[in-house]
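Shared between the two complexes below is subunit A, which pairs with subunit B and subunit C, respectively.
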Partner chain A sequence: MMAAIQKRAFWVWSAFLYIFIVTPLICVVLASFNQESVQSVPPLQWSLRWYGEAIRNPNFVRGALTSLVVATVATIIATPIGMLGAFGLWKSKSRYKAAMDAFFALPIVVPGLVTGISLLIVLTAADQSAGNVKLICGHVLIVLPYVIRTTLASLAQFNPSLWEAAETLGASPLQVLWKIVLPIIRPGIVAGMVFGFILSFDDVNISLFLVDARTITLPISIMSYLQFSFDPSVAAISTILIGITFVSTLLLERLFGLKRLFAGG
Partner chain B sequence: MTMYPLQAAAPERRRAVRISSAFGTSALLTMPACIVIAAGVVLPLAYMLILSIQTPDPGEATLTTNFTATSYVKFFTSPFYWSVLLKTIWVASVTTAVCAFLGFTLAVSIWLTSPRWRGLCVLAVISPLLVSIVTRAFGWMVVLGDYGLINNLLVHLGIIVTPLRMMFTNFAIVIGLVHVFLPLMTLPILTSLDRVDRNIPEAASSLGAGALTIGVRILLPMVSPGLVSGITMVFSLSMSSYILPALMGGADSGMMTTLIYQQFVVTFNWQFGAALVAILLATSLGAVALLIFETSRRTRRWMARR
Partner chain C sequence: MADVVLRNIVARYEQFLAVDDVSLTIGSGEFVTLLGPSGCGKSTTLRIIAGLMKPTSGSVLFAGRDVTAANAADRNIGMVFQSLALFPHMTVAENVAFGLKMRGAGAAAIEKRVKRMLEMVRLDQLSDRYPSQMSGGQQQRVALARAIAVEPSILILDEPFGALDRKLREAMQVELHQLTREMKITALFVTHDQEEALMLSDSIAVMNKGRIEQYGTPQEIYAAPSTRFVADFMGMTNFLQGRVTGRNGDGLDISIGETTVTMPTLASVSSGAEVTFAVRPEKVMLAAAEAPAAIEGTIRQVTYHGDASRVVLSLKNGDTIVALETNDRRMGDRSVGSKVWAHWAPEDVKVFAQ
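What follows is the complex of A and B.
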C-alpha cells in the first residue's frame, strides 16, 4: 500500500518536472499569437499580427543575416579542422592521448563569458576591430569541439577490420579514409556540424563582447529589444527560432542520438 | 603504394608505420585544431591573467613589465565586492543543489520509462539547451511576470489578490538557471544509471525496501560518478552565467558576471575586470577541485572498508 503511494507520488512528481521544463517554451509560442500588444497567456484574441511586425523589424532581419553568415562561416572553417583533429586523435598511440582529448574539450569547459572577454582583450591589443572577423574567431571555437566530439564518437564505433579488409584489397590509406571511413562516420560529422551551427546561431555569451554596432547578431538584437519593450514580436521571432531548432533537433536525433551528444559514451 | 605487398595479416607495427608515413603522423593531423584552441582559448586566457596584474588604466589593453596587485587588493579589501562574490557562490550552490535533486529524480524516471518513450523524454529534457538563452529568459518573463501565467492563474483561482513579485528576484535567477542546466545534471546521471543492473532494485524490493529506500540507499550511491560530473558542470556554469542574471535579476543583480560586464563595457577598466574574471575562475575551479578530491577520498575509504 505504502509502496503504491510512493510510486504514484513519484510519477506525479516526474510529470511536474516535465511541465516545468516545457512551460516557458510553450508560453513563448502561445504569446506569439496574441492580438493585443500586451502579453497574456493564453491570448484573448488570436492573430498572426506580431509575426508581420517581427519580420518587418529591420534590426531582427539584419541580426538574422549576420547570425546566419557568422554561423555558416564558422561551421565551414571548424568542420575540416575538427575532422582532422579527431582522425589524428583516433590514430594516435601517444600516451598523451587523454590529455589531448581534454585539451580539445577546453572551449566547452572554459565559460563563454571568459572566452569572449579574453578574445576581446587579445583582438583589441592586436588592433583587430572588424566586427565580423572578431565574431567568426569566437564562433569557430563554439563549433569546433562539437565536431571533434561527434566525429570521435563515430570513429570509436568504426569496425577496424573494415580498414584491414580494404587494405588487403589494395587500397591506400588515403583511399580507405576517403572511401570507407568517411561515408561510415558521415552522420556523426553532420550531427556535430548541425549542433555546432545551432549553438553558434543562438550564442550570446561569447558574441556579447565581440559584436559592434554594424554586426549585431539576432539573439543580441532580441536581447536589446527586450530591455526596452516587452511586446509579442519577441515571442513571434522566438517562435520562428524554436521551430527551426525543433526541426534540426529531430534531424540530429535521427542522425546521431541526442544522449550521445551530451553525455558522451 | 605498390611498394607494399598485399599481405593478409600485416604485423601491427608495420601497419602503424605505413599509416603514419602516408598521412604524416597523427600529431600533424591534430595540429590545426591544437593551434586554433591554443590561439583562441589558452593564449587569450594567459594574456588576460597577465593583464589583471597591471596598473588599472581605463581604455588600455597593452602589457607592460610593471606588475602590481592593485586590482586584487581593491577587490579583497572591499566588503561590497566580497558580498558580490558570496552572493554569486550562494546562487550557484542553490542552483546546483536544486538541479542535483531534480536531475536525480528525472533521470530515474527516464530510466524506468519504456524504451519507446525514452527518446521523447530525453528530447524534452534537452530542449532548454537547444533554445537560445534569450528565448528562455523571455519565456520565464511570460510565466513569472506580474501579469504572467502563474500570477494570472493564482488571481483567477482567488488564492491571491495582488500579483506576487517573482520576476527580477534571486528566485527568478535560480529558476532560470535550474531550467537550463537540468539536462547537464540529468544526462550524466542517466548514463550512470544505464550501467546499473535492473535486478538490483527488484532484489531490494523483494527484500521489503520501499521506493524511497531503493532510490536513496541503492540507486543514489551507484550513480555518484554521474552526479559528481553533473554537479561539477552545473556549479561552474552557474558561477559564470551572465545573461540570465542580467535579464531575469533586474538591472543590478549584483553577481560577479554582471560586475565583470560593467568593467568591460561600461567603465572600461579592463585590468580590474580581468582580475574579477581570474577570481571567478579560481573560485569555481577551487570548489570543483574540492568536490572531486572529497569524493575520491570517500571512494577510497569505502573501497578499503571491504
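What follows is the complex of A and C.
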C-alpha cells in the first residue's frame, strides 16, 4: 500500500517536472506559427509568416553566422587545451590535484557578468579591439570547463590495465594516449564539445561585454530586437534554435553513443 | 626466450614491506608459478618483473642483461592481465597485431603472424569481432594470443583464470599447459590456487609475507613442504602438537596425550622436544575400534561431498582432526557423537620442529 502510494507520488512529481521543463518550449514553438504580430498560444491563425520574417532579418542572419563562427572556433581551441588539462590532472599525483580540479571549473562558478567585465578590461588594456578575437577569447572560457569535466569523467572510467597492457606491448606513453586512451574516451570528449558549443552559441552574459557594432552574436541581436518589437519572429528564430540543438544532440548520440555500446567501451 | 633472474628484490610502500629480499631464477623455457595468499607479494613481484613497477632495491636480469631500469615497453614481455585488458575499440585481429605494430613490423609480416596466432588459439574465424562480442573463454584466448604474438622474452600471467567458471578454467589450464610446452615459452604465472599451480608449473615459489617460503617442483612442494605455512597452504591442514619420547628405528615416537604414534625421522629433533606435525585430511583413516598408534576422537560433524565425506573429530586434548574419507570404503558408524580412532601411515606425516 505504502509502496503504491510512493510510486504514484513519484510519477506525479516526475510528470510535474517534465511539464515544468517542456511547457515554455512548447509555448514558444506554438507562438512562432502565429499569423498576427501578437504573441498568442495557441495561434489564432496558423502561418509560417514569421519564419520568413526572421530569415530575412539581416541582423539575425549576421548574428547567427557570427555565433556559429565564434562557437566553432572557441570549441576547436578549447578542446585540445581542455583535453591536455584533463590528461594532466588524471596523471597528476600532486597534493594540489583537487584544488586544480576546482580551479578549472572556475569559469562555470564565476558569474558570466564578472568574466565579461574582466575580459573587457584586460583585452582593452591589451589594445585588442577586434570584436571577433574578444568574443572568441571569452567563449573559449565557456567551452573549456565542459571539455575538461567530461574528459575527466571518461578518464575516471578508463581501466588502467589497458594502459599497462599497451605499455607491455611496447607502446610509448604518447602512443598509448593516442591509440588507446583517446579512442576509448572520445564519446566523453565529444559530449563536452557539444555541451560547450551549445552554451557558447547561447551565451549572453559574457558576450554582452565583448560584442561591438560590427560583430554581434545571435542571442544578443535577438535581445536588442526585443527592446523595440515583440513579434513572433523571435519565437520563430527560437524554434529554429531548439530544432538545431535537438537534432544535433540526437545525431551525436546516434553517432557516438551507439558506437560506444557496439565497441563495448 | 630467455632466462629471468631476480636478485635480492625489495619493494617497500612507505612503511609496508611488500617484497622482502626475493631472489629467483626462471630457466629458459621454464614455467614458474608464484603461489600465495593475497597480500603475499606475488603480484608486486610480477609487476617488478614486467617493469610496471620499480623495486626499492635489487635487480632484474633478462638473459644476463640488467633491465631493472628499463620500462615495460622496452623489456619485450608478453602479459596477460587479470582483467584481460583487451582493447575494446579494436577487433580481435587488431588487438593481436598491436604489439607487432608498436615494434614497427611490416604489414605483411603482421598479417601472417596474427593469422598464425589466431589459428593457434582457434579463433581465426572470429578475427573481425570486437572483444565485447565474445565469450569469456574466447576473450581469454585473445589475450593469450596478443601476449605471445610479440615472441616475448617472458610470458607473464596475472591470475588470468580467476573470473572463469570451473569447467572453463580447467579447459584453459590444459590449453595453456600445452601451448607453453609446445612453444617452449618462458612463463611466470601468478595465482592463489594451489591446484592450478601444481598442474601448470615446472617450479613453484610459495610466497608468504613478501618472502619465498619454498621453491621447488610441484612434487616437492606438495609432498615435502619445508615450512608449516607451505604445508597448510598445500592442503596439509591437520596440525597437531606432540612431544618426542624416543627413537624407534627410522622414526620418532611422539606422544599426543596418552597415545604414542611413530613418525618419520627429523634429524634435528631430540628426545623431549615439542613438535608440530601435519597430515592431509585425505590421509587420515578412521577405525571403529582401538588400535595401536591410533588416536581416539569423537565425531563432531560430517559433511557429504559426493565421492567423499568430511569428518571432523574432537580429540581428548581439545585438538581437532579432519578426515576426508572415500565414501565407498567407509566402515562403521559415522554419526555425530560416536567414537572413532584416527590413524595414518608414518610416511604421510610431516614433522616440524618448534
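What we mean here is this: the second predicted complex is superposed on the first by the 230 of 265 C-alpha atoms of A that agree within 3 Å, B and C clash if a C-alpha of one lies under 4 Å from a C-alpha of the other, contacts with A are read in each partner's own complex, and residues count from 1 in each chain.
FYI, contacts are C-beta pairs under 8 Å (C-beta built on N, C-alpha and C of every residue); 3 or more make two chains touch, one makes a residue touch a chain.
As the structure is a computational prediction, the values presented were derived from the model and not from experiment.
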With both complexes overlaid on chain A, does A:174 touch subunit B (first), subunit C (second), both or neither?
first
With the two structures laid over each other on chain A, which partner does A:46 touch: subunit B (first), subunit C (second), both, or neither?
neither
State whether subunit B or subunit C is in contact with more residues of subunit A in the superposed arrangement.
B
Could you say whether A:161 touches subunit B, subunit C, both of them, or neither, answering first, second, both or neither?
second
For A:23, decide between first (touching subunit B), second (touching subunit C), both and neither.
first
Does subunit B (first) or subunit C (second) touch A:184, or do both, or does neither?
second
Would you mind listing the overlap between the subunit B footprint and the subunit C footprint on subunit A?
167-168, 170, 172, 262-265
For the complex, which residues does subunit C have touching subunit A?
50-52, 71-79, 81-83, 85-89, 98-99, 102-103, 130-133, 146-147, 150, 156
Contacting residues of subunit B [partner subunit A, same complex]
1, 6-8, 10, 15-16, 18-20, 22-23, 26-34, 36-37, 40-45, 47-48, 51, 61-63, 102, 105-106, 108-109, 119, 121-143, 145, 147-149, 152, 179, 182-184, 187-188, 190-191, 205, 210-212, 236-237, 239-243, 247, 257, 260-261, 264-265, 270, 273-274, 277, 280-281
Subunit A residues touching subunit B - in the complex, by the definition given at the top
2-3, 6-7, 10-11, 13-14, 17-18, 20-25, 27-28, 31, 38-41, 78, 81-82, 84-85, 87-94, 100, 103-104, 106-107, 110-115, 117-122, 124-125, 137-138, 140-141, 144, 148, 167-168, 170, 172-174, 177, 198, 201-202, 204-205, 208-209, 219, 222-223, 226, 230, 234-235, 238, 241-242, 245, 249, 253, 258-259, 262-265
Note which residues of subunit A are touching subunit C in the complex, please.
159, 161-162, 164-172, 175, 179-180, 183-184, 262-265
